[in-house]
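Below, chain A partners chain B and then partners chain C, in two separate complexes.
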Partner chain A sequence: MIKFLIRRFIFLIVTLFVVSIAVFAISELAPGNIARNVLGNTITPAQEASFNQQHGLDDTAVVRYLRWMLGSDWQAASRVGHPVRQIEDDRGRASWWVVPEEASVLPYRNFSPDGETMYKLERQPDGSTREVPLGDEVWQENEQGEMVYWGVDREGRAAKWVRGAGEEEQTLTKAGWTSVPGAPSDYIPLQKGLLRGDPGMSTYARRPVAEVLFPRLVNTLYLAGIAFLFIMPLSLLFGVIAGLNEGNWIDRLLSVTSLVATATPEFASGVFLIVVFSAWLGWLPGAVVLPGDTSIFERPQMLILPIATLMLVELGYVMRVTRASMVEVMRANYIRTAVLKGLPFWRIVWKHALRNALMAPITVIMLHVNWLVGGIVVVETLYGFPGLGRYILEAGLNKDVFAIEAAAMVMVIIAVTTQMIADMIYVYLNPRIRFA
Partner chain B sequence: MTLAKGTAAIAGPVASKPSRWKRVRESLGILVRSKTALVGAVLIGFWLLVALFADNCLVSPACWVQTACQGTPPGASLSAGEGGGNGGSPLASLQQGVCLPLQSITGAGDFEPTPWLSRYDYREQFRGEYREGPSAKHWLGTDSRGRDIWARLAYGSRPILTLAPLSVFIALAIGGTLGLVAGYYGGFIDEVMMRVLDAMISFPQVLLYLVIIAALGPSAFNVVLAIVIAGVPGIARLVRGLTLDVKTRDYIAAAQTRGESPWYIMFVEILPNARGPIIIDAMLRMGYAVFAIGTLGFLGLGLPPPSPDWGSIVNAGKKLILQGHPWEALFGSMAIAMVVVGLNLIADGLSEEGRRYQ
Partner chain C sequence: MADDHSERERTRRKIHPGVFESQEQLWQGRISRREFLRVATLLGAGAATAAFLAACGEEEGMGGTEPPPAPTAPTTPPAPVAPTTPPAPVAPTTAATAVPAVAAIKRGGTLRCGMQIMGVDHPARFSWTEPSNVFRQVFEYLTETDENNITHPLLLESWEPNDDLTVWTLQLRPGIKWTNGEELVADHVAFNFNEWLNPDVGSSILGLWEGYLTPDGIEVVDDYTLRLNLAQPKLDVPENLFHYPALIVHPSFDGDIASGQNPSTGPYLLDEYIVGERARLVRRTDYWQVGEDGQPLPYLDAIEYIGLGDDQTAYVSAIQNGDIHAIYEPTIDTFQALKGNPDVVIYPRDTAQVRVLRMRVDQEPWTDNRVRLALKKCQDRQKILDLAFLGEGQLGHDFHVAPVMPEFVPMDVPMYDPEGARQLLTEAGYGDGLNAAISVGTGWSDIVAYAETLQADAQPAGFNLTLDTMPNQNYWDLWTEVSLGITAWTHRPLAVMVLPLAYTADSEGNPVPWNETRWVDEEFDRLLKQAVATIDIEARKAIMADIERIQLERGPIGIAFWKRVWETFNPAFQGVKAHPTLYHLWREVWYDPARDPHA
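The block that comes next holds the complex of A and B.
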């Protein structure tokens, strides 16, 4: 068992690694353009170049992948000469600062109004900042003969200023495009790296991926979990009933209904449900409209239709597997033996048939999680539910590479873990494997 | 028809060889005998008819040429879909060489098909008739741009009913070959292939679709590509399992003793004898493919806008449901549900009949 778990775990790590590279590579091949996605189609080449530079998009794919995986703060720290760390403000927002080892020196960031004089923004213990001009001696000559200074800029990126380079930074603010002189000529976007639990910044939303992804994931787990709680007992019950009545009208009715329910795509059954229960009967709200991403239980009646839609597809599928398995078991010789020896019918079903018949459906449910994930993307899009599925879709449509990567990692972990659980349940239920 | 050929493959060497017509009738008989399969066949048949006779394209050679030559520069009123794969220059010049003369002979460049079953052109916008419910003039109503919903559904059946079989066929060819090789040779090749396929299976399909379409852009080619990539691992596993079973039969040993090549044994001895489950699986997969094409369209990742793709129709209509105009989304969903349910019913009926034979 332990050997099996270890093998599975290694498989999970390898899969994650391969998937992360594959997703990155495919996104890289894409013709789309992140700068245009974020800023609109009307930007000038200079604005686009400045955007790409500021977000490190001008570096090669390999460099960006490694930074995402391993982090870039250590790289920046070696340039700056001091450690670069995240400091949380009183609202819990983390931002990057240069934090010198000596306790007497305050954490700081840098800026330069003209590209000639460097300034230091010292962070006071109370969170406010103070501007301190730096002398000419901070500029250091590099191999190309330029006078350079490495620091962290006001946006929290590691940056290299070159004296007298006359660089301009173009950014889109609420007031429109602004051009700031004295800008750095190279940037390293700071991140801790996936291996240290930081999935990076979303290039599209300009917020840390984890900050958005986590509440969305929790919402989806609630949605799927509730659906699952209903699917399991109902599908097993109906499946067993259909299997016991093999061939007669109850079986036919249940089988055909379940086939239609599984075969109908989620968006179609969802549309049917909305049209009937929301547009015509007016019993239930047909969309999930919430004040925030984290308050899904504010109006629970909004969750009924999404859960019902998810259930329809899964219910039918699991029911069919249960039925087939039940039919097979009821034809087995040991059941005939039990019948011939005169046991009451319910006792045969309860003691002899069920345990064997439920083995297949339980493993199938677990293996079907990938399918459930697909259904969740559709259901969340249809009802506007703030969950992981819609997050993935939005990330995909916006070419938000780090967000897709993070979502892919989460989904692969869920998929492989449930497969592992399915294997374990199977081993537990099947003594022929357990004792072999 | 596949079934009929299959029957021929086993019935072949047996002494009494039934006539071709009888064999066709026998395999069609399965469809008719099983009520489930029959209902499925009727559902699919309806949409096949609509797809074939939506307009008079099927009976006019000019239209064939026009459809086949869609990518070539002159003519081609329909947009060919961006990045549809006509990038290679030798291919393009070949296309031009064949298409241009054909176009001038048949006058295909400016051919406008006349709507038959669809009643209207799917692009025609009726002024002042926006978001109407079903009526005698517009059987299923109109959408928010005044286009006839039935016409759009009728034309929309074409991409669905061509792309789904196409993608399943390609996936079968690739997955089947992989499965045969893995199952027949076994050992190291098998181990490596199966591990890779396992990894592919644990990758959620929707994510795969999303990444592929988001990266390569929505087009018919990319939709097929996505479905093929998603389908290959499952088919390969199935075929591998069947191969492992068939491999142990005596006639395989006989073929090996005869000195037949491995490829002959795989494709001529093993494959035809494993066809039953493969055909049923292909039917189911066709259902999944329609399911997937519809879902992609619904998510906004399907065929590019002018195309009347069913999923996109539902996507466009979903915002209008709660504004008192459920028709677009409702009928679009019904159309897709009909086709997927139909294919599933056929697969179900076939497997039921297959079990009865054994």
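The block that comes next holds the complex of A and C.
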């Protein structure tokens, strides 16, 4: 059994790896120019080139993929000669600094006003900075014979200054996109990489993707989790009841009702529920308004209608599969034998029928976990719920490439993980797999 | 707030000769009281002075009759007039319009408004009203144009143009403190002007000043005085200072207005700004403006903006349940859904907001004016207004001058004429019909209805229009690029403000950034420059008649109707005035818990 699970786990890792390449490639190949999305249609080719350079978009796809997965801080650290780390300010916003190993040296960033003299911006323990001019000896000759200096610039990117280049670069400063003398001539955008939980910056929100994506994921897991807790036991119960009463009025009632509910799309049943319970009766909120981080826990009644909408759609699928499976099992020879043996009915159902009948529903249920987390775009949009589904929709509309990539990977991880869990449940339910 | 200070001003300041000229016209009944007030305050007379002068005019010239109605009413063309009644508050009128007594004003409360929270960086680069609504609570403008299109000084104490309108002296209000304790001085304002005029910043404000002002023309006279030396006369300087990206920031601005670290002068402080979710603003205790009760404004403790996505269904549900108190920019559907609701007050206002059917004159087939004219003739305006906007608006004339603008010259509304259109198409060589795709953002239901009505009504003329639908966000990515499309344009108080933004070229002859049609017309350009330099409202109207005619005859746009807008509010909030641009000027809004149906 352990061997089976290990095999599945290795398979999971390989799947994730292949999918990450696919996600990255699709995002890369998708039409749309990131620089134009961010800066507007009126930018010049020079501004575009500079933007691409500053964000590492001019590197090859392989380099960008590796940076996306593994990060770039280690690469930058080898250039700079000191570790490059994130430091959080008192508002919880992280920024990149050079952090030398020696405790006596303060973290710093660099800038050069003219391309001749390098300055160090030392970060004081209270968060303020102090400018310190550096001597000529900091410039180092590279293979091309240029005098170069690697550091972290004021925007938090690893940057290469070339002495005497006097370069003027378009850069995002206080004055917007403007030409700056003494600007660096090469950049490595700093990120920790997906494997360490940092999928990069959102080009639309101009904040790290993880900062927005994580709370959205938590919201959705909360909504989907509660929905799951209601949907699955209920649908299994109804399915079993219907299956045991095959053909009589209970079965008909349950089957027809669930079919109608499932066949009605969520934008229709959702609006119906809102009109009845929110607009007419005024019992329940018809939208999810979250003015604070903890509001979702403070006013759980806001979630009732979204969950009810999800239930109406979901209940039918699992119920019908369970019913069919139950009907089939109840017709099996070993059940007939059990009945003839004189076993009590509940015991036949509980001990002999149920376990076998649950195999098919488990597969459906696990597939639907995935749907619940990412596929509830319609429900999230209808109720204004700030979840992962709406995040993906908005990221798509804003062509926020790094956000789409990250959200897609989260979805894939959830999909693969739920399949893994389904496999483990099979092992428990079906000894044939265990001993294979 | 402006009254006591204008009182002082009246006694010590020279009044611009243009004011008296306008007063003369008012006496003669040539302009309405509202136009006079606008011109007088534009020229720096101060609201109280203007009202005083206007009152003199009425007594002597008109024998104390009622002030003439708003300029729109008598001037609407006789033929296909909009059958709509003038807007009036829809729900409990008494609650909404009653002027609060001083004692009645209560402090405290949180106003929660449903509005999208967008990505931001530099305010000068705002190209949406939504972010400006959040940050106008925190930062301020030099001037402020109120809901009647009258502009007042805000951070300024006064402005004064020279006689030919080429030198404007801006006088800052002393004693305004940034949140970092520094006083607001002219150097800070000069920093902002330099940002706006820097092409690398990429601000739409640049289009307003192009050809008029360069960084060399900004002169800091003393700590409180700034002089703008213009290359040509310009009338709408005070109004341009209220263009929504023109928020005044401190020179230490860090490039990210949402960082919460930037010193500000406004009544609220930014507490949090989470893109796509919410923004929270809390009351500043030492704001420079004082309320009716003698304490610093604002009255509310906090304002929260909550984003519920692109679709307004959730906003409607939320306001009905009292979870939010206002909806930003309710659509016509939202208006319909809420208008009978006793728990929601609706404040309507006619505007210069418009859906512009725009054709790129540098792309086939719109290079040919006959084709453009043909498509314009295919608009059955009343039908479009009825189908797209349920009749809630005023009919348009294919020129970008709205009936609510003071320089509007009434003209006959062009009739629906598919025969004439077919003839023009044949002349242009499209006798067999013309296929074209019209780009529309599906988030604007009225734009979709406009396009669909046009599609059906243009069929007899030989146009085979297909709708190229896309989400609004995608339309905004392409809006200057598509060949034929319908673009949403916001309200501006004067025609001389919007026309230079969209139908002119820069000094090098290239269309300005927002010239989505690339249409540049030499005669139009020359007349527009004249209009922009003319104070005399009658003279300006004479020029404007030609400008309107040129755009009507050979312009790149069709305009079927002008929109009405609404503010939808929980009745507990008092002092709400619907602004034509739906700008949230909420310093003096206060909350009366006794009137809250959800309290």
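To be clear about the criterion, the second predicted complex is superposed on the first by the 342 of 436 C-alpha atoms of A that agree within 3 Å, B and C clash if a C-alpha of one lies under 4 Å from a C-alpha of the other, contacts with A are read in each partner's own complex, and residues count from 1 in each chain.
Basically, a contact is a pair of C-beta atoms (placed from the backbone, for glycine too) under 8 Å apart; a residue touches a chain by one contact, two chains touch by 3 or more.
The shown structure was predicted, so the numbers you read here are calculated from the model rather than taken from an experiment.
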{"item": "Which of chain B and chain C A:Y391 touches, first, second, both or neither", "value": "second"}
{"item": "Contacts of A:V377 with chain B and chain C, given as first, second, both or neither", "value": "first"}
{"item": "Touching partner for A:P265 - first (chain B), second (chain C), both, neither", "value": "first"}
{"item": "Partner chain(s) touched by A:N248 [first = chain B, second = chain C, both, neither]", "value": "neither"}
{"item": "Which superposed partner A:R206 touches (first chain B, second chain C, both, neither)", "value": "second"}
{"item": "Partner chain(s) touched by A:I274 [first = chain B, second = chain C, both, neither]", "value": "both"}
{"item": "Which superposed partner A:G282 touches (first chain B, second chain C, both, neither)", "value": "second"}
{"item": "Chain B/chain C common contact set on chain A", "value": "271, 274, 278-279, 286-287, 381-382, 397, 399"}
{"item": "Chain A-touching residues of chain B, taken from the complex the two chains share", "value": "36, 83, 198-199, 201-207, 210-217, 287, 291, 294-295, 298-301, 311, 314, 317-318, 321-322, 324, 326, 329-330, 332-334, 336-337, 340-341, 343-345, 348"}
{"item": "Of all residues in chain A, those that touch chain B in their complex", "value": "11, 14-15, 18-19, 23, 26-27, 29-32, 256, 259-260, 262-269, 271-272, 274-275, 278-279, 286-287, 370-371, 373-374, 377-378, 381-382, 389, 392-393, 396-397, 399, 404, 407-408, 411-412, 415-416, 419"}
{"item": "For the chain C and chain A complex, residues of the former touching the latter", "value": "112, 114, 119-122, 124-125, 127, 194-195, 198, 200-203, 252-256, 260, 274-278, 280, 304, 306-311, 313-315, 317-318, 320-321, 323-324, 471, 473-474, 477, 480-481, 513"}
{"item": "Touching residues (chain side chain A, partner chain C) in the complex", "value": "37, 39-43, 91, 170, 172-179, 202, 204-207, 212, 271, 274, 278-279, 282, 285-291, 302, 380-384, 386, 390-391, 394, 397-399"}
